[in-house]
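Chain lettering (A, B, C and D) follows the sequence in which the chains are written, and residue indices restart at 1 in each chain.
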Amino acid sequence: MMLAQVIPSPSIDIEVLLPMLFMGVGGLLILTMTSVKKDLPGWFVTSWSVAACAGAIISAIVLWNQFGDDGPSSTIAGAVGFDGFSIFLTVVIASAVAMASLLAHPYLEREELEGVELHVLLLLAGTGGLIMAFGNDLIVFFLGLETLSMAVYILSAMHRRRIQSQEAGMKYFVLGAFSSTFLLYGIALIYGATGTTNMIGIRAVLDNQVIVEDGLLLGGIALLIVGLTFKVGAVPFHSWTPDVYEGAPTPVVAFMASGVKAAGFAALLRILSTTFQPIVDDWVPAIEVIAALTLLIGALSAIVQTNVKRMLAYSSISHAGFILLGVLAASERGTAAALFYLFTYAFLVSGTMATLTVVAGQGDSDFSFESIQGLGRRKPILGFAMMIFLFAQAGIPFTSGFVAKFGVIAAAVDSQNYWVAGVAMISAVIGAFLYLRILVSMFLQDPVEDAPALVIPRTIGTVLVSAVVVTILFGIFPGLLDGFAQDALVALTAGTP
Amino acid sequence: MLTPTYYLVLSALVFSIGAFGVLVRRNPLIMFMCVELMLNAVNLTFIGLAWGLNDIGGQVSVFFVMVVAAAEVVVGLAIVVAIMRRRDGATADDLSVLRG
Amino acid sequence: MINLANNLLFAAEGGTEVSFPVLTSLIVIPFLGAIGVALVPKGRVEVHRLVALMASVVTGAMSVWVLLNFDRNDGGFQFRNPDPNVWIESLGIRWDLAVDGISLFLVVLTGFLFPLAIVGVKPEHSPKNYYAWIILLEAGVMGVFMTLDLFFFFVFFEVVLVPMYFLIGSWGHGNRIYAATKFFIFTMFGSALMLVGILAIVFLHEDATGIVTFDVVALAEGQNWGDTVGRWVFLSFVLAFSVKVPVFPVHTWLPDAHTEAPTAGSVILAGVMLKLGTYGFFRYGLYLFPEAATWFAPVLMILGTIGILYGAAAATMQKDLKRLVAYSSVAHLGFIVLGTFAITTESLTGSVSQMVNHGLSTGALFFLVGWMYERTKTRQISELGGIQKSAPLFAGFFTLVMLSSVGLPGLNGFVGEFLILLGAFVANPWIASVAATGVIFAAVYLLWAYQRVFHGKPRGEHTDMEELRPSELMVLMPMVVLIVFLGVYPKPMLERIEPSIEVLVAHIDENVDDWTEPTADVLIAEDSHDDEEGEEGGEGEE
Amino acid sequence: MINFVYLIPLFPLLGCVTLMLVGKKMGEPSAGYFATAASGLSFIATVVTFFGLRALDVEERQVTKTLFEWVPAGNFSANAGFLVDPLSVAMLLFITGIGTLIHLYSVGYMHGDENFSKFFLYLNMFIFAMSILVLGDNLLLTFLGWEGVGACSYFLVSFWFSEEKNAMAGKKAFITNRVGDWGFMVATFLAFASIGSIDYLTINGTAAQLSTPVLAAMVLLLFVGVMGKSAQFPLYLWLPDAMAGPTPVSALIHAATMVTSGVYLLTRVNGLVYEALLHAQWVTNIIAWVGVGTAFFAATIAIAQTDIKKVLAYSTVSQLGYMVLAVGSGVFVAAIFHMITHAFFKALLFLGSGSVIHGMDNDQDMRRYGGLRKLLPITSATFIIGWLAIAGVPPFAGFWSKDEILLSAWELGGINGKLLWFFGLITALMTGFYMSRQVFLTFYGDYRFGDPDKDEVDQAWDGYIAHAEAEKDEAITAREAAATKLEEANVAVESRNVAFAKAQMEVTQTTSEDDLAKAQKALDTASGALEKAEAGVVSAQDELTAASALVDVKDQAVSSVKSEAARRVEPEPGEQRTAGAASDFLPDAVAKRAEHHPHESGWQMATPLVILAFLSIVGGVIQLPFTSEVHFLENWLEPALTFEHKFASSAGTKVALAVVAIIAGAVGIMAAVSVYLRNQGDPAKIEKQILFDGWGYDRAVTAFMGGPGAKMFDAITWLDANIVDGMVNGTGSLVRGTGSTVRRFQNGLVRSYAMSITLGSIGLLVWFVVRIAA
């Protein structure tokens, strides 16, 4: 009888929560500070939040070693899982937040928006993301998701003077809320089917008695998939992505494309690929279709865009498709590949958005092809960086992007999903065409006359440099990162308290 | 006698009504309400199932959800207000600058 | 990471008693050269040129060193590092380089052509990027020819597109961007499915042996996939290579690319980059998929033959001289494809040597055409004429190169073509006899073009075209010397190629049950029922 | 001494390379003499080798000297090796010998050419290639020489490349030969595929074991090659055009040596051909018939040619036909014999014609020659010897060899053999005719270089007529002028009359005295004016009549000129066709020719002529038909031939055939005498246009190449640009199209987005429901 063992008094293993505390508390502290002392200088806020992220990352590294010694565990009554996977993602999300706020600093100054909230919200969103990554319980995960989402809703509506920004916020909010109800409904049904919302428990149930054709369970999974794929912007739940990406402030977009995606995929990997691994035959075909659609629709609608930012939004959709390959592989290799992808992509996209932040100019509105025309001539450094990012996104060898794509496709092929892999390669080719379009206007066309002189603020420079370094370094020596990615999942699949 | 199925069916209906509302109404506020409706349908499901499973976990979840719902409304309204400041009487359909 | 890098760069390749990683440096030196060029400030044009040139010359010298130290009696892989550096642990990807008789001369050809391409023509603008790209390209090409790891093969196979894309796109003529994009997308599309194919066989191999490896040797020896899968994957490879070669009907990127590319670009494109495909047919077609290769051989032989005739026919009517040469490449590579899939020792040896020969003669042709364009600013045959009057030396060299491309015995072009046709005839007399008509057409289009451009009364405003400059002579001389030498005394090349070919054929033989090498069989028969067999000279694979 | 064979190709090669490097510096004439020396040395080397071979006893007279392994691959191997045997040496003797003579000749002939040294570079290159062709001990090496000589001929024919026509001819020669080379190559493949080796010795050795179809295929394929090189029907048509090259080239390459290499090749593989003769006679019959057919066909064309070199060109084709006939009937000795004698007299004839052309200011039209006998004594003398030799007049060289060929054809037996023989005979007759025609037109009759020829006369008359008509028009204009003048005069009279009348009125109406006087005066003046005007009218009248008279005169003149012209241009039989009154209107070229004084050529050109003439006379002795002891050539070649051919016919038959042949030749000559020497009968009746056009074959081929052929290629080009490439670009635009279609769903309305989400989730649910059902 279940009532016999009602909720045991949870033992809280505090240092596991350190990353979340760093970011969450960091965010709240700066908020209180502003309420005490008005107009904190931008640089202070920025460096504060960067410090918070750094704290999170450092604690993650510490945890990594500890996890190396003791192996995985979970705390708070199995609600929070402690394993390589979550630690790895901590690094990804934290650095995403850090880069976002580095971008945000000059952005805010340029757009004359007073700044604290943006940084705070970024930190809180990050916290939410971490909770999603750590959450070993569907409800906890849901809370994380909402924390993240609500912060991002506001973030995307942040630019007060741009109606697009508010429209983006509005759309994102409505659709986000809408989809999260599906998600929640899914959780409820699964709860009904398995009698628990704890993933470990669910996995145990699935492992022990084979539930065949349980309507509740499968229905639950279906709705769960809706909610999760919505967050990562997969077709047909992608429709918000281009609009929001185009409307939202560029630094925020950087975070959405890196941090939010990472969190979303963290959930997908943890819940689908791992928890529901036993009934893989039921859900993989569905994800296959979704992945294929995502890959193709993303690439196809990207090539006909006339607005660079929107184009990249679509391309980020097709990237989501690639990462889905890692998910549907539902194997250690798949998860590792997806993690590798998320890590490198976080830097890639932040770098790309950094470039756009620079070229977009006052008002954060000019994303036409003219704005980047002849960039190679106007600002060679920036051009070079952008070229690297585009190569990486196009999957040109010796950039991290290639290895990432290669990894996920390998995973898919390894689990015999040949046709999706084929589709992925085709969409990669289509995608290549769109990156070439950008390259052409950057290097093979002359700058439009009266093109404004470009200055790269220091913080953005930092982002660019780190992004380039990561992209090239892990492109040429992928083994360095791959090792971690491989370890980051062994624990996950074990996943027992 | 009463089985969880009834609750499930009921909540499913409520959920669908909510979803339908979101799809057909233009007024942002009404859309929010519909979302709320959906959330509560889910709550109902939780409770029903918890009752069926005779497990307290489900009922606990409901509290979380209610909190979340509340928070969501706040955010939503904030955004709506921000928009209303700039253009009055905006319906969801008026917001279609971003497209293509 | 640093020491990893060190391992990668400076670990011993072993093989013959070398302690210095020659092959790795063949890739690394040009790569560093490119970085060097990138680091030199924009203004210093001559320095860029010098750095690029030095890097390429050193590379060339080392490739020659490899040639000299190559053991001609060993058909296996040489200069191979016994335990290669691991690149990606989890996928068993390794930095594993080696050369054998098949790749050796392509490596040398690459090392030979790049310095010439750099000396031969100066870019019209932004020399810095130009030299950086071109020297980077060399690294990529070298990689394709030398790696034994399928992953790196694919990597290099793809990465070479980028420099060439920029070379065409920003230093080309006419609608260069269209040509460049077409080239890039077309080729990338071709190789897209190949990656899936590679992974498929790798993991099937893993399922069978429990070892995940991209080592082509291990995979080829294992053959751990059914015939059906083998054939499908083979097709995905064939698509990739056919686009690269190019084989009819996926050749249409080539005329555009060749025509719009800058001279050096065309030279390298024709000289080495097309060989990536034909080389792929050898290493990753015949060697990796013996069964499928023999199964599809007739189809590919026919495609090759079509290529020969089609390319010739298309070339004949071209109005643009450079485009004409481009189409002639289609024809010549048709020969190589034919020889590759005839799968006889003779034809295979012929194909490999033809790769080199075509590289030399067509490369030289593109140089000449390019210089002619520099002088006259036109490539339209109709606007030229009687050039031999004003530039006899130019015409003389053109004639020699042209005749080599026509396949005149005593010049290099002939040896390859002859061996190919000979071997193909043994495999399938009918196809070979048809293909042999290609030599007629070659004469038709080239001589006709020559007559219109060099003979007759000097026409148009180009009556006094400038004679060859000494610098250009310097570029041309080594090529011409080789053209003649390889035509008169090809043995040094052939005898280094052949052992590897024999190994390859043996490999095919033991991995395909119902296949034996078609051999020249002596017909000792008076009565006519052996006659058919006599005519068909052993069509083993049919 | 056999080792001297290496020197044979070496000298010309060195010469060629040297000229390549420093030829320009050497300049004229030393470059020429240098080249001559190179060729001469290789001749000496040949002679030495010859004696070296003589020194061996008969069985050992087939020595293979290998330089190095040329193309080794798999089971295939081809050496750069020389097969020194009587056959190859015999060939080399006359190739290098005649080659040297022609080198010398060219020094004179090419005098003053801007590319003097380059010419000799090519000549040496040719000697080199030719010696490789002959010496090669396997098909491939021979093929090297085979294509090499082809290339040299390409260079030399288009030597004066500025003339579009020459360039065209060179290209045509190379490409047509390539068609033949295809056969050669495939034959080589077949040899390898069937025998496993391409060495001549192996091939001839194992020929007996080949299965019949393979044998047949191999021989026929080789014969395709022969058709190309030895200009047999249907591939002969490059040879006449090849005359565009300098005459020494025509003599050396297109008469004496290169074109015979096809026959040489068939002799080289005589083992095969002999087997074919035994087991697949249809093959050898094809060869024989192609040979004799070509011989006959070419002879008919030669009859009507007007260009001195064209005649010789077609005669060469015809003579080659003889050789091929000999091969086809399996008598290789006869073939080689005729090859050698032909080399002598045809080289002689060409060089002679060259000398004539040189003397006649590069004019090649025989109709303008005539009576050169006195002006060019040496040339004419030697040329006449050559003529007698080719016409088959005993005891000149040509007689013996041709006779032997006819005999061998006869001996094939059966109606087949008789027919071959018969056509051979007719050809002999025609040969006699057209060669005599050439000789008579060129050297006999009276010197008419200054005379206008047909077209020029026509031009003259046209000019005359035009002139007359011009005058007539002048007269007419004059008449017009007069008429107008009359008109004016009449008008003047009118006006005066009016004035006069007015004056009279004045007079009558005046009253006062002094007024009357004034009026009177006015009246007088008026009447004076009137009279003047009337006088003007009269004079104008006269002028008009005179003018019209002149017009009539001119008109008559024109018509008379026209009739005159008509009469001249289509003259009555007996009446000459001359410019007559129109002489002033002849084109300047005629005058220029009239001033020209033919001159005999220098010693460099004369010497070869004399030597060759001598050889043409005595050439026959190398193979006299009487007893087997005097079959020198046959005995010499015997080791090279896999079997020994002996004529079966009785002495009687032989003599009879010989007599018939002589008669045939005589008839031909007589006919020519009567037509061209005695002017009995009209040449035009014989020189039909269709013959002149070579039965229109060449034009037909060209038309096809230019028409349907080119169209087909164009079609392929179009296909490539539009269909094949179109599909590629089509795919591209398809992708874009899809993109923009998809894009339209992104309409910016949040509700429709929500809808898509809902639909998506419904889809998923459905899927999972299906899973449950399943």
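One rule holds in what follows: a contact is a pair of C-beta atoms (placed from the backbone, for glycine too) under 8 Å apart; a residue touches a chain by one contact, two chains touch by 3 or more.
Just so it is clear, the model here is predicted, and its values are computed rather than measured.
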Give the chains in contact with both subunit B and subunit D, ordered by label.
A
With chain centres defined as C-alpha means, what is the inter-centre distance between subunit A and subunit D in Å?
81
Between subunit B and subunit C, tell me the centre distance in angstrom, where each centre is the average of that chain's C-alpha atoms.
64
Please compute the C-alpha centroid of subunit A, do the same for subunit B, then give the distance between them in whole Å.
25
Averaging over Cα atoms per chain, report the distance between subunit C and subunit D in Å.
42
Enumerate the residues of subunit C that touch no fewer than two other chains.
185
What positions in subunit B touch 2 or more of the other chains?
19, 22, 92, 95-100
Enumerate the residues of subunit D that touch no fewer than two other chains.
743, 746, 748, 750, 754
Touching pairs of chains in this structure are A-B, A-C, A-D, B-D, C-D
Residue numbers of subunit D touching subunit A in their complex, please.
735-736, 738-740, 742-743, 745-746, 748, 750, 752-754, 756-757, 759-761, 763-765, 767-769, 771-772
Contact residues on subunit D for subunit C in the complex?
68-76, 140, 143-144, 146-148, 151, 154, 158, 161-164, 167-168, 170-171, 174-175, 178-179, 181-182, 185-186, 188-190, 192-196, 206, 209-214, 217, 710, 712-714, 716-717, 720, 724-725, 728, 732
Which subunit A residues qualify as touching subunit D in the complex?
170-171, 174-175, 178-179, 182, 213-215, 218-219, 221-223, 225-226, 230, 236-237, 239-240, 242-243, 282, 285-286, 297, 300-305, 430, 433
Which residues of subunit B touch subunit A once you look at their complex with the stated criterion?
4, 8, 15, 18-19, 22, 28, 31-32, 35, 38-39, 41-42, 45-46, 49-50, 52-58, 60-61, 64-65, 68, 71-72, 75-76, 78-80, 82-83, 86-87, 92, 95-100
The answer for subunit D against subunit B in the complex is residues 743, 746-751, 754-755, 758
